[in-house]
Every structure is written in structure tokens, then in C-alpha cells.
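If you scroll down you'll find the structure; I have some questions about it.
Naming follows writing order (A, B and C), and every chain is counted from residue 1.
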């Protein structure tokens, strides 16, 4: 019983630590005072910072740019990452395997400043050598984001593939399907959850990235994190709180909604398996 | 008997480890051939090479007189039924079965007809629209079987087909499998570690040990005329004793065994040198157990009953013979009531017929 | 043209496939030996491997080589602001100028050396604190009932999906001199004057621990969840008290998870830029900030590159250890 209390205590303190900052941001986004941390009881709660946010052209443009880049990044990263995950999980040994394995693990821990610097220098050298990419902007940011995001997708896909044995794929081959067909009709449908979460993860990583974008962005391509960061350096700013609150709300809805839906699916599955096992 | 599958000196090495060692085998059309052996004996590796998931390091495999070298699994005329069934979880039973036919580019109508027919044969028509997780173990097995048979393969490879079923279901399925096989005339190659399964299903059994085929024969052949101590010990239970030849004639041999503490008289000749070390193996059901000493000097030992296992249809006795060794004897319980039944710690005489003992030279 | 004549069978087979017309065209215009090589060697499997491999080679590996090369160059007022390594020195002479000065500079100037040490220290302490907070949480979640477990995991993941930047920002509001924490403590009468928490080591520790906590909890949880509880029961049955069982059975078994979690926090934390920029000290910079300053403020790309190379050298061993653990974890599942 004592361990129960200790466990509960650990969880409560831990989650309090995780959520109090978020809650404080949310609360103060409704604060009328410009001094973000002093609650102006007379005039609050107010939505004026939300209005300010939505009329701020710079922020809106940056947000839209970030979403575009993130969507492109996620889509490309998912293709490359799934291929890499498939290759590492299913294709036995081959020349260059260790290198591929290393190149899909290192980005997971590589400090952003190193990745950002190295990619910028690459783009400049490439421009000098072959004239492409011309200048830095959406294209370079996307390429940079894809490179580190695909590592995450690879890990997710690889671990899901490693989890289920290849007898399903062998059975399909035994029934006459060629390898490409096996991949598209058997493997892909089964790893779809991994691919979906990989897409979402890549999207978030790209959307949220600051350091790498700062290195490889060009004039006129400011992503949302870049805009917010420069605001932050000047101090605390309530419209940022408003932005944070909106974001938290969207994410919370998404995550909670998604997992409730998945739970429902699982419960249904479990019920059906039980019925089958009992002989109906 | 027409030869359908031929293995010529098939060897498979994984680095230094030899999983399959120079196996040569012929399997005839329409027969049920069982590869029987313990885990790690190489039977599954051999099956996978037949299916095309693995290639031999040396040697050739011929199916229907065609060399299978370089031919991938999806182009071979054989189909496999996997131990785990490997049903596609995101497809209904119907779609699972239809998958193989879709690869043959048949018309919708023909696919529909054939799937319907095979569902009927395995008696799973009402479950066609269910997904694998909505089916019980036995039902899944039937769908897996249907899926592998619907393409009308001449050769079906089965990997431990009855392993996941409970005893009652296993018996029932065994006979159904036999029925289906006979009806469709497919050649079966079954891999199993369960001797009962092998004995029931097979027309011929190939016993494997450490990558090699140690004996091939019909179930009675394997059981009553094993060619080595390994096979004798592997199939069923056996009482094995080491001894040496004292008499070696064309029509009989006599063996003296210290372990047995008696002479064994066998009524046929064997090929071995006099004085050579041989082993006698006697099956438990061939031994007679009685309170009175039977006539004769050979094939008789005395002992004390140490353990009795009453199994309903028969009783098994563990008898400690005078030499100290234990012998296993089984007797059917022919009469219902027997106050006279042999009991623990009784002194008994064990005897057997001159034709009952198996003599092994290896 | 000549291809179709020389390799009629191959061209016939290819033209009937899915990408038939494409291959046919390629076949006609490319030199015969080359296209034969491509078509016989670049089978489907190799193509699949090649796509991610080549991308990563070009966009992940090659950049490091370029950084290495530029670290030997010297800064110039130009675009790009560094001198090329190979220069045409006239009279058919090519000069390679390797400027080791950048590295010498780093090794002798105190600023860089102390920054490296400081960064490693901060990252290590943060990783350790993260472990102290994350381990009990992961343990508690792993021992909870399945329904609660998914709820808890959700709660752990949720902050991770919101913006990293904004979550660090949240702490500014809390830690400022007129921030929430100080205001609450003063209102409660616990303190008289605000405690300085911004621009301190303490703030950086909090920032890093807060941001990287999910990265610590998840691998720990993944490991703890797989533990066979019958082992714990066996230990108890043999007379071990709960604490002993934990120290002698659970903790050793969770070591791989601990190492993975610590590395996942430590390695990126060494090069952190955002957190020290917003919350960290002005008098002692972490190496990530040093690199960014060299690059953006001083426009000294060669020195920035040298800083990066040193950072890589520092981190290469932990990265390789992490890679080894990752691949072992994934191989073990097969």
C-alpha cells in the first residue's frame, strides 16, 4: 500500500510540474494587463489579445508558412522514413547498412545548431557548385526538416515492423504476389498506424523547429517559431500567450479525440475476439 | 507411383552451422510425407527451401521435374500452410482466400466460385465475412487451409498444422485433413515434431535428426523396424539394452546382455560380426507380465513392480528387473474388474516373443 | 538505337513492364554498357535502399564534411564569408591553405574551453535531474492498470506535441522577478523580496528538464513495461523487502532504458540554444549559443565550424553508444 502512495505522489508532482506552466500561460492569455503576470482583476478576463493575434499580419503569415512547410516536410519524410524503416527491418544485411542505421539514429540526438550550420554550408556549397538551390527559403527549410524528421519516422516504422513477424509477407509471396505487391497490399496497410503517427510527429517537429530554420531560412521566409522567438527576446508578450492557448487547445482536442477513438476500436476488437474464442 | 518432388543432396549452411546435411529424398504424387524430428533438426529449414523462402547452399530441388533453383516463392507450384496460419488481419476470411486467386488474374466470377467451393469443403461458409480476430483458433486453421488449397496446388507444404489445436480438435482435424487430401489428390509434405500426428497422417515418414534424414518408411516400418537407436527411441517408447552377439546364424541370433541379465533370442538373422556390440529394443506393448515364470531360457527376466500408471484403456508398469534397470511394460485392460490385478512391489516375470525384439547395430 | 539491337531480350522484357515506355526511352538514348549495368544491377531492392540512403548521405553526412573543410578556412568579408581552400596561386600552382588557426584559437581562448565544460556540466546535471523526476513517474505509470496507463501516457505526450518554444516561454512568465512564482510567494509572505531566478543556472536546469522530460519518461516506460512481474514476486517470495527487490532486480533490468533516456537528454542538451538564450546566464554561455554568436553576430563561419567540429568530437562517443543501444533494441525484437 505504501508503494501506491509513493507512486501517486510521484505522478501528481510530476504532472503538476508539467502542466502548471501551461496552465499559467492559458490563464494569463485572458489577462487584460500588458504586464503578463499581474492579474488585472477589474478588466479581466478579456479576449483582446486574441483579437490582437488575429490581426497581426506578420504572425498569421508566418503561421501559414510554417504549416505549409510542415505539411510538405511530413509528407516527404514519411515516404523516405518508411522506406528506410522497411529496409532496416526487413532487408537482411547489405552494403551500407550500418551507415544507414547510423544516419537514421544520429539525427535523433544531434544538437540543432550543428545540423543547422552544416546544412546551410551545404546549401551554399551546392549553390556555388551547381547553381541549385538558388538562395535560401522554403525549399531549403523543407529539405533540412525532412532530413532530421525522417529519422523519427524510420524509428517508428522500424519498431512496428520488427514487432510483427514476416510470416504474413511470406504467406503473401507463397500465394503468388510479387514483392512490390506484397508491400502495398499487405505490409503498408498493417503499418498504417505507424505511418500516421510518423506523419504527425514529422509535422510537429517541422512546425516547431527554430534553430535549423534560423540557419537555413532566407529573407522573406520567416517561420512562426522565428517570429515568436524574436518577440520573446524582447520580453513576455500576451499575444504569444494567446497563441499558446490556441495551440494547446488544438493539440489537446486532437490527442484526446484520437486516443478515445483508438480505444473504441480496440475495445470493439477485443469484444469480437472474445466472442470468436467462445465459439460463436 | 509417380515421383513428384525430388531432393538431391540438399545442404543448407548458416556460416559454420549445418542446418540441413546432404538430404536426398523422393516424394511421390498423392502421398502424405511427414518430416518428423525434434526442434532444431532442420525440418522447418527444409520445408522453407521447398517453399522458396530459402535457397540451398548446395544440391537441387526438383518439383514436377523442374529445377527450382532461382525460382522465387511466388512462382513455385507449391503452397504453404504456416504454423501461425499467417492470415492477413486486415482482410476478411473471404478476401484472405481470394488473395491467391487474384494474383493469378482470374475473373471475378471464377474467383467467387472457387472461394465459395473451398469454403464449403472446409465447412466455413457462414464465417466468410469475418476477420481473423473474430475467429477461433480452429476456425482460423480452416481458413488458412482453404487459402492454401484454393489455388489447387499439386503440392502443399504444412508447417506443424495441428500444433496450436487442443487434443479433441486435433483428432477431429486430423481425419478431416486426410479426407480433404484424398478428395483433392494433393501431395502433402508435413513438418511436425509430434509423432502421433505423423503416425496418423503420413503415408510415409522421414525421421530427421541434426539435419539428416535417418530413416524413411511407412509408419509401421518406422515403428516396428527402426534402423537405429535414435529412431527406435524417438518413436514411441522402447526398452533398450546393450549386448553382444553370442550366436549368429542365418535364421536366428542370440544376444547376451548384462544390462538385461538374460539372453535374448531373436528368430531372424542380422548382418553383423559375431561378438559385435548390438542393442536390443523391445516395445512395452510386446512384453508379457505374469506372476509365474514362463517356460524357456531366453527372452525372460524377473523383476519387482515399482510404479503403475492406470490410464484407463491400458496400464503402464515400471518394473525394476534383477539387473537393476527399469523396464516399461504396457498392457491393455481387457477385463473390467480384476481383484487379481498385479500390484505394487509384486515379483513378476517379464517375457516376450522371439519375433518381438528389434536388433540394432547403430 | 544500338541498345535494342544488342540486348533485344532485355529490352523486350523491360518494355512490357509497368514503366515500359520510360525504360524503352532510356535504353535508346543511354550508352549501351551503362544502361545494361543499371538495369541488371539496380534491381528493385537496391532502388528502395538507395532512395533514403542517398538522401541522407547527401543531406546529412556530406554537410559534416563541408563543416570540417570550412573549419580550416579563414574568415573574409565576402559572400560566403570564408576563403576557399584551394586557390589558384598563378603560374600553374594550386595552393591549399589549411588554416589551423581556428582550432588553435579555440584551444587557447579561455572562453571556448570554459563554454564546453560548462555545457557538458549543465547537460549532465540536467539529465540526472530529469532522471530523478522521470524514473518515479515512468515506474508509477508502468505499474498502473492498463486504462490508467494510457491516460497517463497521454498526459505525458500532450505537452510534447505543443510547441517547445512556447513551453520554455511559459517558464519566463513563472520565473521572472515579477513573475507568478515570486508574486505568489510574496503574497503568501514567504519572502520579502523577489528571488532572482531568471538568467541563472537554475533556470536552465528547469528549462531543460521540463522540455526533455517526455524523452526521459518514454524509453524508461518502454523498458519498465516489459519487465516480467513474476521476477519481482519471486524475489519477494525469497524474502527480499521491496526496497531490496527494487535495487537488486528492477533497477538493473531497467538500465538500458536509463541509459537510453539519459543519452536522449544529455546529447542534445549539450548543444542547446533556445533554453540558454531565453533563460540562461549572460556571463557564461553554453556552447550552442557560442556557435550561433560566432555565426550570426561575428560572421566568423570558419570559427563557428571549428566549434561545431569540436562539439561533434565531444559527442561522437555518446552518439555511438546511443546508436548501439537503439539498434540492439530494434534487432532484439526480430
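Assorted remarks:
In this section, a residue touches a chain if its C-beta (ideal position, glycine included) is under 8 Å from a C-beta of that chain, and two chains touch if they have at least 3 such contacts.
These numbers come from a predicted model, not from an experiment.
With chains as nodes and touching pairs as edges, the resulting graph is an open line.
By the count of C-beta pairs in contact, the leading chain pair is A-C. Averaged C-alpha coordinates put the centre of chain B at 56 Å from the centre of chain C.
Chain A and chain C have centres, each the mean of its CA atoms, that are 14 Å apart.
Interface of chain B with chain A (complex): residues 51-53, 72-75, 78-80, 82-84, 86-90, 99-100, 103-104, 130-131, 133-137, 139, 147-148, 151. Looking at the complex, you find that chain C touches chain A at residues 44-45, 48-49, 51-53, 55-57, 59-64, 66-67, 70, 80, 133-134, 136-137, 139-141, 143-144, 150, 152, 154-159, 161-167, 169-174, 176, 178-180, 183, 210, 213, 242, 263-264, 267-268, 270-274, 277-278, 288, 291-292, 295-296, 301, 304-305, 308, 311-312, 315, 318-319, 322-323, 326-327, 329-331, 333-334. Only residues 3, 6-8, 10-11, 14-15, 17-22, 24-25, 28, 35-38, 80-81, 83-84, 86-89, 91, 94, 96, 99-114, 117-119, 121-122, 124-125, 128, 143-144, 146-147, 150, 154-155, 158-159, 162-163, 179-180, 200, 204, 207-208, 210-211, 214-215, 225, 228-229, 232-233, 236, 240-241, 243-244, 247-248, 251-252, 254-256, 259, 263 of chain A touch chain C when the two sit together in their complex. Across the complex, chain B is touched by residues 165, 167-168, 170-178, 181, 185-186, 189-190, 269, 272-273, 275-277, 279 of chain A.
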